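A, B, C, D, E and F label the chains in the order they appear, each numbered from 1.
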């Protein structure tokens, strides 16, 4: 228990978390501080490229693990199943109608790559290794949740929410393509590739992450300010309970798969995290009647900061008791 | 200088719907349009701004200049896409130079 | 398709005044507007461009579609903000789809 | 509020021609205009978007509000620049506040 | 004297100054070279974050100095008082009316963070240490000058130029929030934080500064080109005399406070520098009748290059004779 | 022969080339992945600044070579002459009318700085030195081709396509000013300047290049998708034959000038590469009746990837047989 607290405190005092807090404060205090949209997109392209590449290099170092395929399959199944649990929990805890509940649920089956990055960064400072292919698992987990939510919505009624265009948009959305693509580039070029571009994607990584989290704090803060009233106590409870439940399911999956300590933690983090880029865009197209203020505020304003600050250290602590650091 | 009567249709729509809108326009035979950025705004669904935007997709504006007799086709096509979505569709009169291009 | 008469008000104003303008609009009951970027321009105070801009604030354009009977309230509110400042206010006629939204 | 009749001219033109257009406007005595970005579009020469643009220059929109009696000078000046180039020129009626500024 | 010249020559030949000169040349020659606005904003966010963070780490290293509070107070007083002097000087040297003179004066009480950064960079290459909290002093000096100028304008007449919104905008403007925020993050995380994000905010710092100064050269050059005729001989004289006077007042304040050589130089640099971001925005809102071409051209087209090239080495030379290198 | 293949294979497996391939794939698969325009411009400013600066430092190290002037002159002549050859070849291989053929030809006389950068990067990983001033040669080669093409078009007819404004735009276009400017800064500040900003412009360079090539792949892919039908077999053949011919002319020039192996390769690369930024903009102004889809697709969609993947290793292999590695 002391260990968890020390870990959490240590995590809370990192420049990364404090940058998020600064952004949150600035937005809530109505400061004019903003990160231009193009810069924020540029930072996220950098992060996706770097994290994918490094994952690929790790795979090229350690060779292809027999567990790889099973872990990818498990990721897809988790992403599909978690929304069903989220949907049930929402119907119990809140008064959201089925459409809004399903839209929220989709976000919790999918993942947040920044939460994943924050997880790897905590592992790294604790000196814990993890499977390089967890990046590929992250990519696999982005989309199935959307399918599952659309199924929840159209049970019995028209299934006409998915057109071919939407499918292509979801599967080829920018972050999946960039993550998988740079993963493959990293796997193909290995240590030799890393030695060429390492000074760009390794050393400055955490600093860039700070600026990115500053922006996420700003965006989350503005969202919270505008969403006063939208988020009830029930929804708030959901936003914290759901990642706890998901992470436990992720833990079980990780233990069954026989992943390393780091791999289990990352699978817990992926399960616990909620999307705020790919899924919202898909929901606007397929489920325009759902209120974006609800799902975005929950995902980015409640669950994201919870995972970032308390969740990740907690998942690490829990996984450690099962696997032994 | 000689000008010709035309209609200017401006459609403000969510960015994820942009491609669907322009595809629908193309299908209705409207091949001339321009896409302008929108930085923020306010409406029934509250206020938003591109820089503080959760999910960061925001809205765009599609502007079409068309011959008056083609207006109804265009509106019908646009309406099908905008129908269930946020968005504002306005039509106004204008004159164009070089009408042979339209 | 059925359309309804409306007014389109476009206000070009210095960026630091944007929030004051939209607050004034809101206070006058105007809740629908969009904000468009302006990259540069020229006027009495000379030429400017966003990329070569000293201090780099530049100007924005606020566009409101409103029912004709609400026009005067809007102009009054806007004028109070724009009065002492640079800026251009134009009004034109247009038609809107889905008038029930305004 | 008191408004005055004016014309709104909007010229969509290739970015490399922007300076030539604004110089021509200035030469014709038009000192008030604003430049708006265009993100993409479609026309006779096909579809383009700023982010996927080969060579990446794209198009811009120049908007001028002028007194009706000055319209023809402006169009003549603009036409000389646009003549051989891609681009759309539209004119519409509007009303302005603070007409003394034009 | 030789020392000053050598220092100035050395300073003039740095990539930083030459990048500014390149931008100036390109703009005056009407080249189409531009730095996109979003990139320029991104660079300034990087610089503010890095400078604030490093200042905070320095404070966490050296502990809280007893002088800190007094230096902050002195900064506030300087920022409030310098505009009064600037106002008098302008009325003597130029024909600006009271409103325009006050608007210009506000800029000279406030500060330019890039001039400050250039100052720290000169100190660093001369191996001179300075108090880490000078960054916080920079933040404190941003705003009081605005108040002082508005008081000059509204003496006797209506005081209705400040609304609550404007106050909040000034005190919570982006650069103050980012500077103070990253300063606090640096102070909280100390060397440990620095070791995490150092490769991002330390090593590439000067290179980023070059690109930023290239942009400032472009912007200043375009401003000068458009402002032909606005800047009279009297105003030009003001733009060079005023930083000299301010820096001497800063020197006295620094000596009284008992700052280190580096600290004194930075206080001189802050006093001598003039704002071109925060104050212009405030003036457009509160004093729209003042002509921006006057205050921006003076601040960015005259005083900024003067400080950057000759001013900083001069202030360092003068301070050295009083304190001894 | 084996050496060439190994070199080409090695080149094809670099992160740089694979990033281009990723962009190409994403665009052809209609992914929504995009790099914001401002970020792409920012990356290109970084690359131009870094490459110019490093070239200048190299010149300051090695002193001014007697060959410098002659190489610059040769660059100018090549840029002027190559379009004439391109024009003839196009008239033979394709059915383009004279105006369109001349517009295409202009692109092939001018240069692509990214191809040049890719060339230096291949040299560098093969440990082959080159003359620092080749950067200046690149700058010199940007513009004469435009003149030559306009002469082709206006033979006999009106010569009124060039106004003074266009001249200034071409000669002072952003990339020439930045390249020459940073070259001069590098030459003036030498190793001392490099030690200050090296961590910014050296270590991360290749990583930045990856992101830039990702963007170029995206743009080229979208261009190819839109240009279906525009590019005939004849044009395709031109897009591959022309760089081969140009590079041989560049080889002869390099041998006559007595450049080092690296210098010869870079002159071949410059000759073989085709412009896709400066020349298209000039053509839109001066030759609006020429179809941009033709010249842009050829230059960026055919010749650029050819040079990047097969061309550069080939030029290096050929030059090596003449000079000996």
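Couple of notes before you dig in:
Here, contacts are C-beta pairs under 8 Å (C-beta built on N, C-alpha and C of every residue); 3 or more make two chains touch, one makes a residue touch a chain.
A quick note: this is a predicted structure, and the numbers were derived from the prediction, not measured.
Taking the definition of touch as given, a chain qualifies here only if it contacts subunit A and subunit E alike; those chains are F. Put simply, the chain farthest from subunit B by mean CA position is E. When every chain is reduced to the mean of its CA atoms, the largest separation from subunit C belongs to F. Once the centre of each chain is set as its mean CA position, subunit B and subunit E turn out to be 45 Å apart. Chain centres here are Cα means. That of subunit C falls 19 Å from that of subunit D. The residues of subunit E that reach two or more other chains are 34-39, 41-42, 169, 203-204, listed in rising order.
Each of residues 36-37, 47, 49, 92-93 in subunit D touches at least two other chains. Listed by chain label, the pairs that touch are A-B, A-E, A-F, B-C, B-D, C-D, C-E, D-F, E-F.
On the side of subunit B, the complex with subunit D involves touching residues 1, 3, 6, 8, 22, 26, 31-37, 60, 65, 92-98, 101. For subunit C in complex with subunit E, the residues that touch the partner chain are 14, 16-17, 19-20, 23, 45-57, 84-86. Listing the residues of subunit D that touch subunit B in their complex gives 12, 36-44, 47, 49, 59, 61, 72, 75-76, 78-79, 82, 88-93. On the side of subunit A, the complex with subunit B involves touching residues 27, 34-37, 40-41, 165, 169, 218-220, 222-223, 226, 276-277, 280-282, 284-285, 288-289, 291-293, 296-297, 300.
In the complex of the two chains, the subunit A residues touching subunit F come out as 36-39, 41-42, 45-46, 49, 53, 168-169, 172-174, 177-178, 181-182, 184-185, 188-189, 193, 196-201, 203-204.
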